[in-house]
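Okay, handing you the structure first.
Chain lettering (A, B, C and D) follows the sequence in which the chains are written, and residue indices restart at 1 in each chain.
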Amino acid sequence: MDENISTNPFADDRLREECGIFGIWGKPDAAAFVVLGLHALQHRGQEAAGVVATDGEQFYLERQEGLVGDKFSVGGPVPKLKGRNAIGHVRYSTTGGTLNRNIQPFFADVANGGIAVAHNGNLTNAIALRKQLVSKGSIFYSTSDTECIVHLIATSKYDKIVDRLVDALKQIEGAYSLVCLTRKKLIGVRDPLGVRPLVIGKLEDAYVLASETCALDIIGADYVRDVKPGEVVVISDEGEKLESYQPFPPQRQRFCIFEHIYFARPDSIIDGLGVYDVRKSIGSELAREAPVEADMVVPVPDSGVPGAIGYAEASKIPFELGIIRNHYVGRTFIEPTDHIRNLGVRLKHNANRDRIKGKRVVLVDDSIVRGTTSKKIIKMVRDAGAAEVHFRIASPPMTDPCFYGVDTPEKKNLLAANYTVAEMCRFIGADSLHFISINGLYRALRQSRRDGANTRFCDACLTGDYPTALTDRDSTVENAQLSLLAV
Amino acid sequence: MDENISTNPFADDRLREECGIFGIWGKPDAAAFVVLGLHALQHRGQEAAGVVATDGEQFYLERQEGLVGDKFSVGGPVPKLKGRNAIGHVRYSTTGGTLNRNIQPFFADVANGGIAVAHNGNLTNAIALRKQLVSKGSIFYSTSDTECIVHLIATSKYDKIVDRLVDALKQIEGAYSLVCLTRKKLIGVRDPLGVRPLVIGKLEDAYVLASETCALDIIGADYVRDVKPGEVVVISDEGEKLESYQPFPPQRQRFCIFEHIYFARPDSIIDGLGVYDVRKSIGSELAREAPVEADMVVPVPDSGVPGAIGYAEASKIPFELGIIRNHYVGRTFIEPTDHIRNLGVRLKHNANRDRIKGKRVVLVDDSIVRGTTSKKIIKMVRDAGAAEVHFRIASPPMTDPCFYGVDTPEKKNLLAANYTVAEMCRFIGADSLHFISINGLYRALRQSRRDGANTRFCDACLTGDYPTALTDRDSTVENAQLSLLAV
Amino acid sequence: MDENISTNPFADDRLREECGIFGIWGKPDAAAFVVLGLHALQHRGQEAAGVVATDGEQFYLERQEGLVGDKFSVGGPVPKLKGRNAIGHVRYSTTGGTLNRNIQPFFADVANGGIAVAHNGNLTNAIALRKQLVSKGSIFYSTSDTECIVHLIATSKYDKIVDRLVDALKQIEGAYSLVCLTRKKLIGVRDPLGVRPLVIGKLEDAYVLASETCALDIIGADYVRDVKPGEVVVISDEGEKLESYQPFPPQRQRFCIFEHIYFARPDSIIDGLGVYDVRKSIGSELAREAPVEADMVVPVPDSGVPGAIGYAEASKIPFELGIIRNHYVGRTFIEPTDHIRNLGVRLKHNANRDRIKGKRVVLVDDSIVRGTTSKKIIKMVRDAGAAEVHFRIASPPMTDPCFYGVDTPEKKNLLAANYTVAEMCRFIGADSLHFISINGLYRALRQSRRDGANTRFCDACLTGDYPTALTDRDSTVENAQLSLLAV
Amino acid sequence: MDENISTNPFADDRLREECGIFGIWGKPDAAAFVVLGLHALQHRGQEAAGVVATDGEQFYLERQEGLVGDKFSVGGPVPKLKGRNAIGHVRYSTTGGTLNRNIQPFFADVANGGIAVAHNGNLTNAIALRKQLVSKGSIFYSTSDTECIVHLIATSKYDKIVDRLVDALKQIEGAYSLVCLTRKKLIGVRDPLGVRPLVIGKLEDAYVLASETCALDIIGADYVRDVKPGEVVVISDEGEKLESYQPFPPQRQRFCIFEHIYFARPDSIIDGLGVYDVRKSIGSELAREAPVEADMVVPVPDSGVPGAIGYAEASKIPFELGIIRNHYVGRTFIEPTDHIRNLGVRLKHNANRDRIKGKRVVLVDDSIVRGTTSKKIIKMVRDAGAAEVHFRIASPPMTDPCFYGVDTPEKKNLLAANYTVAEMCRFIGADSLHFISINGLYRALRQSRRDGANTRFCDACLTGDYPTALTDRDSTVENAQLSLLAV
């Protein structure tokens, strides 16, 4: 078995969503509601948070590294960010270090006013666009793909801000949900395939835009509907308030299937499907596809819990909290010293040894990326005395990297891209290993099976079926560094 | 219903343990292991953390507000804290604000060397002792009861440090587990009733002392045994290494029953009982004592989860994650503004409305203190569309305050001290409310029933049966402020 | 007497230079030398400091509020700022608050590389340029006039960086000395009139550019020559190393006369004239123009000291330190409370009452702006018991605001623009008041008299004779706020 | 010449006073006045500052590293420090690093209340006292000698606070001026020899105590008189308000002669002598004792200025600012790298080369300690082209260390303790070197000559004539480290 895969046994092996976005129009202390919304979306990005508000005259901006609650008082007022209209952003950075200047929302003074933009997703032609913009004189202050959108808006030949935005959208490629704020408008956008989520809510008279419904719940807003793929919604104080534009020809939706499997919060509802229910159903499907004689079903917390409940219910094997997760995290991180390196995964998880000892355990987890975390967890469960460890995975094998805003490793580091299930089972040290089948996954999503020609999901990481062009990836020109300015 | 009880609807209504303690003797980079141990004990105190190490020559001290990981790199080295021997402390403050000068461990140069002390528990004659010590010229730098112990050691007429410590112990009253560090010794102490926990572990040749076994697990140490009530264990490089002293006459143990119900981590093992198992058993007992027709059993996360699993298992009603907890917390806190005050409990919890809607729900929680949190959670579940809400509590009614290191409100603010179960049910808005009976609780603890004359638990908060004198409480002298120095 | 003049008796009434600049090419640890140079130029700006270095591959940037020594170790290495080439900037902000994003040097990735720019001076058509640049899609991140220069470079149609820079220079108007850094070149520029200073030095093989010679002295560099008005000097590793360009038609120099009177450090040498000597000569001229019977000559420290020495020498009246200055300053500033407001100027100055009591005092200061500081100092000297106070000013009456980088108030707040000398004398409370005559000032500068048609100085603040167009000031369009983003 | 003397050419070679103290009783916002007073005393200690206030009920304390103005708003209110009564302290630490826990004032709850103490001076039996106090159970939290005084007060058998204080004073030995604050009293103390200064002032009805009169001036308070040697003054709201006690038998005063030469601010008045005047007189005496043919008299700024003015006046040689001092200092300090080490003294001083070139210069400085700074300054002046450099020192040779609160090096590092004047002249590189004679110094202090049996000054550093016992220095027991707790 190739040891390259597990070079750094300490590398965090979880997938990371890059962003969550939120906007509200027409509510006094708008920024306070954005802070609450971002707190509810914190699972989508913990590295940095930012809020921009406007009182119709000026914009007010705060951006900071860390959790929303590190700078903002969650539930309290935000006196510096004035006005009834605001947007916000939480992010996880895909690049090595977080650049302070990459923290969103981005703001720009443009010809007829100012605009702030917050983005969830990833552009697949950002490098090409950046080169072209720089050659014409645009000055980039970040290394973020999102800044391309802002410069495209700023340099657009159109006059009205919505026209400028649409002009920009027509040049970008990839996955994006956006919330934009001008002094007169709140604008929500979803890319033509609707890869990333964006929902519309109402709180009394105020309109809300959010990545997930859990961010509506926290402020008591009602869910109205999802922004449609390719739709531009414009909210203002005038006329109909919410106007809808469809600047792109209609296309089949390709919603990120991993939002259901892992990213979204279990209390969110996507496209009419409760995330928790889908995950429980995956567990039930897994129990049917891969039954096993065992004494208990144990989730890898927290993401494995709904699947394990489903598995337990379908298999009639008792559900037990056999692994306890330590949720406390601090500010500092340094590479561990050698002689405590072997403590590994116990920093975050500990086996409930009293309960596990001598038992046959079905472990349920959401996915395997590099396999290093799985290996350590199984070792921990065995060290606690488990008689057998059967590993069940609530997603099909992940064989291909994501280019749409999820921080996946390269193909050569994806365990399932390089090994058979039997090899993987041996590598992670389980007695048995089963992944949900792709059709089982679709059944949990209330479809009979995957039909490649008609699927409404982006499952590229499981199938290699990428729904957009990948200009930057396919570029034959060597990609120079994004900025000459060192971090 | 008396509205005094819910004056501040935002007051966090959870009980708080004051402290966790940890010590290690004879391991290079001892402080790094203490940091790991404190990380595993973080649930016992999140306000501040401190570590003292010694290399046999000098002591090295770091104390800070916040989580262990805010200052220390969890899993990494702590170069400033040199030596093979160290102790540490995490705390939650019972007083309004945290005083920086209250952060433990405390250190003092005493006649024949230096000593550092970390304390879990609460002295019941601290004010009386403080007055007496100040009158003789001791200068207090904190408002903590623990400093009394340090001054008693410093002013003792005895010569050897263990004799000084025992001299001090004989003057204090209340609950205490201590770890003390001198240049030559690591000392562990438990009060004569063994109210607070303290266990002994071994990591290769090194001895470990910790509040709970989960702190042994994180560093891979083996559990040896509990420190006995009234025992003083002394670990040094000489002779037998671990010496045991019993300076007090033997007494019946009175271990804090709430460690089992709520404080200890579910993966810890106390006195041979797995905490998770006890909690599940309480749930099962509850299901037998207070059955109800319902569609699902839903825990109030995280502390209600084991009880809910037990209830579900015993009642055959499906277990569901009907409430999702947001674990992300930041640094700032400000009183919320009026118009977002009604958001209440959703900052931390959200109902899984898709799952709950129209259902009859059994909610399982660990305890009711003031009742305000319960009220808000039930309202949240009802707002999510639950048809019925039946509230089941994994502890008997809490009728009396704790004086042994748990942050309980005064009797007048304890809901169960002032109202009948029926009144409480109405106040919190449940369809039915049941507390586990005191005998049911003892059964979950593997005893047939509570026998007041022989109980080995301190259950004073449930029975008013306090096992020690309460000198400060009973003092007829008005208790002046502890220090003239304002916070 | 109009009380508008003294509305805020606490406003600091000193003139402030906006900036000092420094660059070095070809010296290992270049950034460390820049830090030293900026330390020597600290009198030119105390609000913020920044350094950009390049190792020929990447750029490294640090910018911060406060003194150079607050962030950088003066005299120590700057490991993060790698390379043999670097520039730096100290600034005082003319706007109310310092904007972090205004701290220089500015950096931009442009079509064929990166460029950093540091600027001393002020553009008089910055608002017009900004409007035009924004309308074409440039995004501004600061409110500084300097950013216009960077965008003009970025959007220039030329290919080579020097051509782009010259293209930009031809569009800007006003006063500017610049140092620019690319990966291959250090560039120094002075505006066609040479209003602001910039000198060339050599430290072994390395070239140095600096606002004043005192910044050459601190690193032991030799003075080579001044950059000429309108000259662009380009330093690189190739060929002749220092190339000189003269892109503008030759013009008569108009060097800022207040650099001699007040801004430059007394140990600097400008155009062959020692600043200290010029100031002493002004004092001697003053003694001749405005003699008085007195017991002692007392400077208002520190700027009045050379003039007072000159006055004392010429008048044979003893020189005395009758006012002591407290140089210690901290980080915080809050408006004083009412009942200590009357303490006024003593925060910074105190009269040497033992020496002054009963004496006739000649006070020498560099200038009068609003007159409020003079008033308080004279009161302080009288309170200390002076029998007479004769005020002598080392500059002619300041009647007009500066648009070239000095923070002067509007004309309506300039005392000398609104009152006669007699009125001013009464306002400040002196027994007599005399300003050096304009011709006396020119004599101290080694010229026989001011000849308006041929003066090589910009003395607009004393004469209203502005040497450049003032496009922004004369614009009939109302000047909108520079950015919609609030500070 | 022994090179040991100049081992670290970068060591700052200035003497440092340890402390300044200030107190005020009976003025609303008392803390704001203390902050102003400390700002005026900042020259006596720049490492840390602290203020304690009381409103008669509680005490309020703020202590911090750095300048007064780093934490407190000089001239503004200090809302957290309530009450009409307050004391404060600025300090320079004599030990290697500043310990945060050493910052004064110290506060203690004692038997009948609380007391805060601020101390200027140094005890010569602090180590002996500390050992004795620790052996009886006192716990020290700092390594400061001042804490001994606090523990002696706390453990005193007397009842009233003034009696306790006097009891403590009778046990301490050395130099001390103290201000102490209780809820009912402000107490000022000077040691029996009056080594350190302390003056009484009045601001309307409020009493003020301060190290120097310049701290009275800043708040507009009137000077009343000096606290007498051995006097305890007690200020309260009752009766006569200021009561005076003389607990010690009368002794001849021995005031620190270096306060006149160097420490005190030139605008302060001590014992009826203006400090500036004394320093000018020393300069005149020097001119008489050590005349020289020269072109100019140049002070080493700032402390050499009054002496140079006096020398110039007496010698008729022109006074010139030939060396410019850079007053800007930042927060950071790191050892310089090798290749910029030779920049040396120019970080703080620069020669005015235009003025000095080719001239014969008389340099006037206040003292020579190790000689390293003098050597660098003379080199700098020569490098600037001086034809001759004649060094004149405003104090006699410093041959003995101070044990009374001044940070002098050990005898082996004092240049004058080890070399003749001729050797010293050669070492520092001057053309001639003269120190003021001891009798010349006394003449400047308005006495005819030094009379050892009757001198009212402590001039031990110049004569070795120490006026107190030096218990710690003379102890035959090896002095163990003060605390086992590492910094």
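We adopt the following convention: a contact is a pair of C-beta atoms (placed from the backbone, for glycine too) under 8 Å apart; a residue touches a chain by one contact, two chains touch by 3 or more.
These numbers were taken from a predicted model, which means no experiment stands behind them.
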Chain whose Cα centroid lies at the greatest distance from that of subunit A: D
Separation of subunit A from subunit D, taking each centre as the mean of its C-alpha atoms, in whole Å: 62
Inter-chain centre distance, subunit B versus subunit D - centres from mean C-alpha coordinates, in Å: 51
Shared-contact residues (touching 2 or more other chains) in subunit C: none
Pairwise touch network: line, ring, star, complete, or other: ring
Touch relationships between chains, expressed as pairs: A-B, A-C, B-D, C-D
Complex contact set, residues of subunit A against subunit B: 10, 28-29, 32-33, 36, 39-40, 42-43, 46, 66-77, 214, 217-220, 265-267, 269, 274, 276-277, 302, 305-306, 309, 313, 318-321, 324, 326-337, 339-340, 342-343, 346-347, 350-355
Residue numbers on subunit C that touch subunit A, as the complex places them: 57-61, 107-111, 113-114, 134-141, 150-151, 154-156, 183, 481, 483-486
